[in-house]
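Submitted below is the structure of interest, expressed as structure tokens.
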Amino acid sequence: MKKKFLFVLAMLTTVVMLVTGCGAKKSDTIKIGFIGPLTGGNAATGIGLKNSAELAIREANASGKYKHKFELVVVDDGGNPSTAVSAANKLIANKDIVAVFGHFNSGAALATVPIFHKNGMPILVTAAIHPDITKGKYKEVTRIMTAANVQNEFAGKTAVKDWGIKTIALINDKTDYGKTNADQFADAAKKNGATIISEDGISVGQQDFSALLTKIKAENPEAIYFGGVATEAALLKRQMADLNMNCLFLSDSGIISDTFNKIAGSASAGMIAFNIGKPLEDLPGGKAFEKSYAAAKFAEPHEAYGHFAYDSANVVMAAVEKAGEQGAITRSSVATAIRATKDFPCIIGKTTFDERGENTLKLITPYISEGGKWVPYYKATTQVVNKKVVKK
Amino acid sequence: MIKILLTEIIGYILFLFFVYVEEPIAVVAVMAAFVFAVLFLKKKCGEFVKSLEKTYADNLGQVGIIAVVLALTMPFALMGDAYWLQILNFSMLYAIMALGLNFMTGRAGMICLGYAAFMAIGAYTVGILTLKLGVSFWLALPLAGLLASVFGVILGLPALRVKGHYLALVTIAFGLIVQQLLLNLESITGGTNGLINIPSPHLMGMDMGANLNLSFMSMSYQANFYYLCLIILAITTILIYRFSNSLFGLALNAMREDQLAAQCYGMNITRYKLLAFAVGAFFGGISGGLYAAMINFIAPENFGYSMSILVISMIILGGLDSIPGAIIGAFFLTIFPEKFRAFEDYRVMFYGIIIVLCLLFMREGLLPFKHRIFKPGMPKGEN
Amino acid sequence: MSGEVFFQQFLNALSLGVMYALIAVGFTLFFGVIEVVNFAHGEVFMMGAFVALIVSGILISAGFTMGSLPLLVAVLMAVLVAGGIIGVLLEKFIVRPMRGAPDIMTLLITLGISIVMREAVMLLVPNGRNPQPFPNLMNLDSIQIGGVLIKPETILSIVLSAILIGGLAYIIEKTTFGRYIRATAQDREAAMMMGINVKKVFIITLALGSALGAVAGLMNGLSYGIIKFDMGFAASIKGFAAAVVGGLGNVYGAIAGGLLLGFLEIFVVSVIPDGSSYQDIVSFVIVILCLVFRPAGIFGERAYEKV
Amino acid sequence: MKLLDVQKLTICFGGVIAVNEVSFALQAGETLGVIGPNGSGKTTLFNLLSGIYKPTAGTITLAGKPTQGLRTDEIFHLGLSRTFQNGRLFWNLNVLENIMMGLEEVRKTSIVGSIVGRQKEKDLQKQAVQKASKIMEIFGTLLTSQANKIASDLPYADRRRLEICRAIASNPKVILLDEPSAGMDGIETEVLMNDLLKVKKAMPELSIIVVEHDMGFIKGLVDKVMVLDYGKRIAYGLFDEVATNEDVIKAYLGQGDEAC
């Protein structure tokens, strides 16, 4: 009886062993980690990032401009801190990985950055824009995209100085992202002499803002600034239209997506949002990137921030190469090399990192919604004239 | 004794392999093999399995000790792999919560759909105390538990007046209110940004957040937390076991079965209800505190309604009021989805399906609650 | 606050309130007759909206013109039917198998199925994770009276809920079947002995309640122009809350509760500074207070437990 | 002296007067039968005595103490125990555990006690089990043979027995039996009656109030009878004189169906 029992278990164990056997494989190429939201709300963006990164690696390996071959190890941060932390640990645990780049959600990045630092793993933050990410001034932590505070300072200045806004009503969606943007915009606006007449929080997923807007309408501000993402922005814009409110409505980069235009429908026109970066086609390497991405025949589009991942990958690979020339390729030597990047030709332009780890190249573009599309303000057919959006 | 040792070692090895398997297909294969094996054993040598169960039940002490000893070697077996150690740590955190909630809901019948709130309270207590006031983690952790208990009692107060469905609503509301407050009380909780860079605990001058470099292998700092969680889980299990098997636990059972009758037989419902809430909440707080110290970053979004549901589904899967069930449920529902990261989007759906299927077809859960057997005259309890 | 603003807010509150009421009625029916709290009710609300989205999509592509009455009626009917069917399925596969199980179990299973429904919609609807724009079926401009703007959707939802709830009240109060329902609610065993087909009563009750919930979903889509897979959760909490405030099992109480909740929320948002941050908390606090101090709802008098 | 003294006990549920100025007294060891048509307020009376309902007016004095404003459990500790019309056992606990719930040992332990001072806990459990098994012996081996059965698995009659055991476990001064023979056939009722007589023999000081429909049952068991109708006491005294009381007859005839 007992024999049989043990026999079965032994069988079971062997089965498992066999299965596990066909797991591990070893490779001599240099491994680079990518961490980003491949599932959850930001999956589309995350996959765009991943594809673009892979594109960069393929090109590099094909061109043979580097001594080493590179391999991308992809993990999913789910866009939320807890998942991100275990994902980060997965990368750290893999001894072959010498550097990591990625992240779109600031929450995730804020959670992982200390861990990467703790384990001496260089992380090049690709598209997460929370200012505090580089606060620690860790040598391992660098960011290629411009931080949110720059965007918001620019936004505040433009609104007040260029468009002459004096009174502003603030709304934020109480998320990390929205709140930070709203606060920074408010500071910038105040600095330039505008007054904030009211500040309200809404919650993501809330649908009925009529009460809030009715209240704000009564305050009659010259502009409303909303810190948050597309859905709520669109609802606000719609319900503003329902209430015949035609004051300026400004927001952050989070609302720049087709979702906004789709939901806001006819009401979308005239929405103004400040974005980090520049339209791809107006960037130095933009056209080329578009072409090669199309050629690579990925299933998914590269989405808004793909090219940042492409650049990150190239920065990291170049850094690895440099580290290799100067000695052993270790996580720490790569970290130093990344930080030392100077005038590196990227799609977005010449990239150099400052001592905090921020990219010295700052790109901010205001966009305006026209006919259900986002158009860079400098190309738009509508513009702000005495505090109203009008046709040129 | 030998039987226990042998079977537990085999279980340990199986578990290790399960951890090492990566491809989803392989995982499925292993699961299938396992299920098959179990069915086969039940069928072919049922009485042996029964006798085994009995040996386990009769020598709980030994079982526990051996299990702990084996568990102690786990980090080495895993080569100090940061990722898997962390998954195990999470499993243990959840197990602690599941035990707490199980005591509240399974044993005392006080349904709680806002359990994540207690975790949040614990996490923020530790976060704020250690980060802003520089209190030692070792002091902050028990405080976290106690504060959670206090909130447990506060939540218990309306629970004195309401039952069943109403209580469910109250607890949901409680969970949401706590989360909203964490969002809105920025000055204390850091609002939506949460608390960043919570210091990791120090033990005898050693930073638990630093990787361990042993002479023969270097281990991720997760190993430190592994041992911490293991110890606390062990303590939790013992405590809950004793609570449950005391006459006090029996009284709670009676209250679950029929409050009014229990009252008519001299139970001061108020006292028992509040105690049940306090105990359940305490462990929620503890695991929250551990979480904060381990992840070093907490934000309200981590302690939402879905977290409460997750813990509920763990105890339902394991079997309401079953202590081993709660632990197994927690481990399974934490590790299994990790194997299917590719299907991350189906995770929540998976929890939902687990709940529905268990309640429809396996109301007792994986490891059903075992009734105590009394020998009239001389008592001998087992659970 | 000026008169105009006041009236505007009053309208906002009313349109919010009727929606809560419509959901609450479902909750209260289920509890009164079947003695279950159906946490999946919110998901029925959500699915109602999605059915409306799909059906209207089909109809429009089939040549119905935006804002035409036939389109509206067709969609409404589709939603009613779909809601009813979902209700029946819930009764058959979720509620009935749990008969005789402890309250907790029944409650948890409706919770479980609600998760499944929500996630299913998210995964099945293309790009379902993001909110779906809802077609502007009425396609009319707001009417302006003085400074007050009235959206046609608002009027529709108020009128529609009035009709539906009125219809329900008629069924319950006047028809034979209504008598059966009331009898079952009063005393299930007795009803059985009197030869009432309780099983049938249960099915139809769930069908009715769910149909109303689904219509609430349609109204939600119409008035806000978007629908999202996770809009059911908030709906069930608010609806349940409203039902409790009005006294579970009391249809008229549920209506009052819904309106009360709607007005309360709008009041908080419009009067308290940064009130919108607390809009959700308010209803929950109210519920807890109500449960503690008036467990039988604001209208019901203290209930004695059957011994 | 009077063990239980009830004066002008009254309760209204929203206008309806369920129990109307009912007064009676009970000596130690005495058995009182309460009869009356359905809805005449018998069970309500019990709920008032055991403190589940708070009286609108009137007083209850148990062993010299007024039970005014006391909680159900406090009244239990004064020595009043009861059974329920529709058998409210702890269905998922086994027979022993059910009886143990009636014992004061259960209340003696605390959450702390279950961790520190384990010996005390152990002893208490031991005591409790012993006491419980002793109480079961009143019914011979009927219950002892299934001491570890879950209550819901018991046959109907044994459930009734278990209820009685649980009720007398705390060895109370008064127990209220709410239709103990409900749903039993003739023979079972016979057996139950003998069981109760056993109990009375075993605990001579115990006073019993029993609500019943079965007249034979009452006749064989009680010393005095009280008849309620529409919450009012219409008769009170020895069985035979009450049985011939024309008000009572009218009440029953007027009421028509007497079967439960």
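Some notes on this structure:
Note that the chains take the letters A, B, C and D in the order they are written out, and that residue 1 is the start of every chain.
Definition applied: contacts are C-beta pairs under 8 Å (C-beta built on N, C-alpha and C of every residue); 3 or more make two chains touch, one makes a residue touch a chain.
This is a predicted model, so every value here is computed, not measured.
The fewest steps needed to get from subunit B to subunit C, moving only between touching chains, is 1.
Two chain pairs, A-B and A-C, are weighed by contacting C-beta pairs, with A-B ahead. Averaging C-alpha coordinates per chain places the centre of subunit A 35 Å away from that of subunit B.
Here the spacing of subunit A and subunit D, counted between their Cα centres, is 72 Å. Rounded to whole angstrom, the centroid-to-centroid distance between subunit A and subunit C, based on C-alpha atoms, equals 38 Å.
Work out the mean CA point of subunit B and of subunit D, and you get 42 Å between them.
Among all residues of subunit D, those that touch two or more other chains are 52, 84, 88.
In subunit C, 277, 280, 305, 307 are the positions where the chain touches two or more neighbouring chains simultaneously.
Residues of subunit A in contact with two or more other chains: 40, 43, 174, 201. Chain contact summary for the complex, subunit B toward subunit A: residues 6, 10, 13-14, 17-18, 20-23, 26, 29-30, 33-34, 37, 40-41, 44-45, 47-49, 81-87, 90, 183-184, 191-194, 196-197, 209-211, 220-222, 295-299, 301-302, 338, 341, 344-345.
Across the complex, subunit B is touched by residues 1-2, 4-6, 8-9, 11-13, 15-17, 19-20, 22-23, 38-40, 43, 76, 78, 80-83, 85-86, 89-90, 92-93, 107, 110-111, 114-115, 118-119, 132, 136, 174-176, 178-180, 201 of subunit A. Contact residues of subunit D toward subunit B in the complex are 50, 52, 71-73, 76-77, 81-82, 84, 88-94, 96-97, 100-102, 104-111, 113-115, 118, 121, 124-126, 128-130, 132-133, 136, 144, 147-148, 150, 166, 170. If you check the complex, the residues on subunit B that touch subunit D are 239, 242-243, 245-251, 253-254, 256-258, 260-269, 275, 279, 371-374, 376-379, 381. By the touch rule above, subunit C contacts subunit B in their complex via residues 31, 37, 94, 97-98, 101, 103-105, 107-109, 111-116, 118-120, 123, 233, 237, 240-241, 244, 248, 277-278, 280-281, 284-285, 287-288, 291-292, 295, 305, 307.
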